[in-house]
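Two complexes come next, and they have one chain in common, subunit A, joined by subunit B in the first and subunit C in the second.
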Partner chain A sequence: MEYVDSLTGFRLDGRRPNDMRQIRGEIGVVAKADGSALFEMGNTKVIAAVYGPREVQNKGQQINNQALVRCEYSMANFSTGDRTRRPKGDRRSTEISLVIRQTMEACILVHLMPRSQIDIFVQVLQADGGTRSACINAATLALADAGIPMRDLVTSCSAGYLSSTPLLDLNYVEDSAGGPDVTVGILAKTDKVTLLQMDSKLPIDIFENVMQLAIEGCKAIAQYIREVLLENTKLLESRKGL
Partner chain B sequence: MAAATSTAFGGGETGGGGLAAGEMEVEAYRRLFPLAFYERHLRDSVRPDARPLHRARDTSIALGPVASADGSALVKIGDTTMLAAIKLEVMTPATDAPDEGSLAIEFYMPPICSPTVRPGRPAEVAPVISKQLSDTIISSQMINLKELSLVSGKASWMSYLDIYCLNADGALFDAALLSAIAAFSHLQIPLVSLNDDGKVITVSEELLEGKPSVELVNKEKRKLPLQRIPFSLTCLLHEKYILADPTAEEESVMETFVTVVLDSLGQLVSIYKPGGAVLARRSTVKECIRLTKQRIDELKNILDESASAMEVA
Partner chain C sequence: MISRLSSRRRLAEPAQPSLLLLPSDSTSPPDFLPCLAVLLPSLSISSVLPAPAQPFLLPSLSPSFLALSLRSSLLTAQPFLFLSLSPSAHSSRAPSYSRHSSQQLPYSVVAPHINKEAAMTTMLRELRLSLNQTQRVRLQSALQSLQEMSSLASTITVVADTIPVNHEDSILKGHGTSDLNGEVVATLCGVVERINKLVYVRAQRARYKPEVGDIIVGRVIEIAPKRWRLEINFSQDAVLMLSSMNLPDGIQRRRTAVDELNMRSIFEENDVICAEVRGFQHDGSLHLQARSQKYGKLERGMLLTVPAYLVKRRKQHLHHLQQYGIDLILGCNGFIWVGEHVNSHGENDSAANRENREDAVNKTGELQVIQEVQEPERTTPLEVRQHICRVANSVRLLSALGFNLTVEFIIDTVEASISSNTDIKDMLAAEFYVQTAEREVQRRVSLSRKH
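On to the complex of A and B.
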């Protein structure tokens, strides 16, 4: 199957190889949460809610000099093409929960909030490839909305290599093509990589190109997230009458 | 929510837990003496969010937010948000009901919806509401299961309705029921045909154009006809006051509630009053039914508006 048309260079959904899908982020969607955000990347829609810092529920897990970060990832039954009944603790959800937790833990200043707990919950409403990245981006927005101190914004994007072309931000069809899928998460300003996952096979020099492309995508998302947060701050300022 | 103005709240009331002299900020009073805070409002027939006792919160319905589902709806009553989506699958009908399809209704409260729901400690009310919804929708006979049949004895539709609470701020059952109805009103039954193995498979529109010889089991995409749609209203009872459409804070302070479900013809489908400290007199129950009737007119309008908004778009 031709993932990149040889004549026009367009992908299956009409994008160019370096084009990301349309992104949209909104803060404060869950009123009761300390921080929440809705993040869309194309057809992938994800809601993240952050509760904390609050008291640790399980005293046995309390850490005396830093905060405990917990994360739970779940997909709605109708989020994918076929409705599947997902058991809560299935392997894929547990793995992604762990990945998101460790990625966010790297950037939250946990030493400022000892003996407390920060909960990050992510719910996938619609899945069309790149759910991991959308979840991390939504979690960053939600943490910022909750006012939790962070080192930097963490953004994530995926890239692949099909029909001999590096492609940015794979959707579900491209992801299931069996080619390599590289997901990168970076700290935007300091340009450090916190998450890097790849499957399938890639020659090393091509891998470098694909990873660089994904990092470009992450930076673009970071720019957008900054704009959303700035808009939100201006709105808060005007509400407070400043 | 009340504005964060720190006006002093004079004490000196026995109902306020013996606050003798001195003043206190409104928010502190609200947290420390919630019942007294509410009673002061109820005496003036108003609630902290400035609603009169019998008014429900602003309700909105958006149809079709989940593009991958066969029918979906997002409903907000105040801050309470519910997302309902229906997926249809072909199955073989039961031998004792060869001409009927079936419904499976489930309600979930993921941890994002409320600070009290945590992984490992699911919300207590979630399975209760799940069962209530299932019973109400099936017993109201809104959906004629015969409409879900495809080929008698061989194939019929199993419709899975999943409702997710995205924000829990009181009156969960009302919002969930409304989202279920809105999703069913948005539902479009896809086209199916028999393939070579004699199995029924769904056919997408693009496939149809290429193969004129595909035999369709049902001739056109259609909507499910709904009769006798059930609508509900939950009311809190406290002493002699009836509060319609409570928020989560009100529900935590005054625990006795009544949920009345009426159908679009004004007939009673169900009354649910699961115990509680306040014992309701007959007149109270009649008043709740009357309030529900009023609410139904509002809800019918909102549902019709959202349906016509879909057609314009």
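On to the complex of A and C.
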């Protein structure tokens, strides 16, 4: 199957190889949570809710000098094409929960909130490839909304290599083609990588190109996220008055 | 042709009917995936779009605001289902973003401009309102004028932004900042405050930041040996020691084992308590004290939670609204108590009563927990209850609008609702919401004119 049209250079959905999907971020979607966000990358739609810092519920897990970060990733039954009931603790969910937790823990300043707990709940409402990245971006927005101090904004994007072309931001069809899929998460300003995952195999020189492309995508998302947060902060402050 | 909706950039629009498949522009190369908006659960399909904006009267707003709002509403007149407030930002197609133009093709990433006008619309977290067209435009213009009045562009910061600092002065880096390669970088989203040499970032929707002497309202979660654990809006639970609490008999004495066993008769789980911050424990959690007569268990009322940043520290937090017969306690942690006025616990502590109790103790020869003099069970009169509901609704309304909570403002809102004959339940509805926003705009305009 031709993932990149040889004549025109367009992908299956009409994008160019270096084009990202449409992104959209929205803050404050869950009223009860301390911070929440909805993040869309094309058709992939993800909601993140952050609770915390609050009292640790399981005293045995309490850490004396820093906060405990917990993360739970789940996909809604209706998120994929066929409606299936997903068990809570299935392997893929556990792995992605762990990945997101490690990524966010690297950027939250946990030592400022000892003996407390920060819960990040991420749920995929619509899955069309790149759910991991969308989850991390949504979690960043939600953490910033909750006023939890962070080192930097973490953003994530995926890239692949199909039909001998590096492709940015794979959707589901391209993802399920079985080619390499590199997911990168970076701290946007300090240029540090917090997440790097790949499926399948790639020669090292092509891998460098693909990873660089994904990093470019991350930086663009970071710029957008920054604007969303700026707008939101201005709004809250102007309403509050003196 | 259905123009590309910048509603993709919109922030929350509650109760929207929705689904639109957008074809890409035929004129420009298809950069974006055609966007499928999700079918949102719509509570009511209330926003029916007329083609042109209806002429409407905004008697309360000055002509400039009127002109602004009319212009924006005319621009929005487009025949589609979304009530997008202005897709005029089709300049939202950002120029191609290319950082390393040497290596790769510049790619047009969606780094769009945020649709500012839509962003100003109700970002309602708690209240889900269905506004009709007129109300929506009024609200938008009110919020827009609020935004124009505040000149904060220079002081707002986002995570990882550099804070402009004069490096020659020695600067103290306060909360919300950190040092990165010699630059001061923000770790929170908020407003930069500078006081003398101190630079810090004040976050908005963060949890409560306690200070010694704050008056707070909390809820008992647990009874532990010689202490109660209270939930306040903080990263850890607060502790109220038995010794920091007055005993029911009012005598000052050492707490014995019997007292400890009878803790439950003073406060139980899920009781609401008003207390004062005494200090911090070694592990960072709070110590509270409730020794004065104005603190203690709160009954016959309602507890409301608002974001902690809306409650400012003032001289007085316990208010007695005499005209309604209500106690209003604005806890610094964002917990607000509205309740029937209790003619303070001070009565029970009068000297005569104390003497009687001491006699009772001597007679029986052993310590008993002496119940407070129980008044016969009385019910709160209907009018007081209605006032409680009105005050509570006005608190909810103001916190949903994001305005600072002060007693004067709350009372103003209640008065306005009474004078405009709004039903208590209608106070949370669209019309009163918009009216309150407009009134606040007027108030701020008149305040700024005075200065």
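Criterion: the second predicted complex is superposed on the first by the 241 of 242 C-alpha atoms of A that agree within 3 Å, B and C clash if a C-alpha of one lies under 4 Å from a C-alpha of the other, contacts with A are read in each partner's own complex, and residues count from 1 in each chain.
The definition used in the following text is that contacts are C-beta pairs under 8 Å (C-beta built on N, C-alpha and C of every residue); 3 or more make two chains touch, one makes a residue touch a chain.
All values reported here derive from a predicted model rather than from experimental measurement.
After superposition onto subunit A, partners subunit B and subunit C are found to clash with each other. In the superposition on chain A, A:109 makes contact with subunit C only, while subunit B stays out of contact range. Once the two complexes are laid over each other on the shared chain, residue contacts for A:146 go to subunit C alone; subunit B is not touched. In the superposition on chain A, A:47 makes contact with subunit B only, not with subunit C. Contacts of A:183 after superposition on the shared chain: neither subunit B nor subunit C is touched. In the superposition on chain A, A:156 makes contact with neither subunit B nor subunit C. Of the two partners subunit B and subunit C, it is C that touches the larger number of subunit A residues. Of the two partner chains placed around the shared chain by superposition, neither subunit B nor subunit C is touched by A:194. Within the superposed three-chain model, A:126 lies in touch with subunit B and with subunit C [touch as defined at top].
Of the two partner chains, subunit B and subunit C are each touched by A:31.
In the superposed pair of complexes, A:19 makes contact with subunit C only, with no contact to subunit B. Clashing C-alpha atoms with subunit C appear in just one stretch of subunit B from the list 24-32, 114-122, 240-248 or 258-266: 24-32.
The interface of subunit A with subunit B overlaps its interface with subunit C at residues 29-31, 34, 43, 54, 125-126. Those residues of subunit A lying in contact with subunit C across their complex are 10, 13-16, 18-24, 26-31, 34-35, 42-43, 45, 52-55, 64, 67, 109, 113-116, 125-126, 144-153, 168, 171, 187-190, 212-213, 216-217, 219-221, 223-224, 226-242. On subunit C, the positions that touch subunit A within their shared complex are 8-12, 24, 29-36, 38, 97, 99-100, 103-114, 116, 119-120, 123, 125-126, 143, 146-147, 149-150, 152-153, 156-161, 176, 178, 180, 185, 187-191, 203-207, 231, 235-237, 283-285, 309-310, 401-404, 440, 444.
Residues of subunit A that touch subunit B in their complex: 29-34, 36, 43, 47-49, 51, 54, 57, 70, 72, 74, 76-83, 88, 119, 121-123, 125-126.
Listed in rising order, the residues of subunit B touching subunit A in the complex are 66-69, 72, 79, 81, 83, 85-87, 89, 106, 108, 110-115, 118-119, 121, 160, 162, 164, 166-169, 248.
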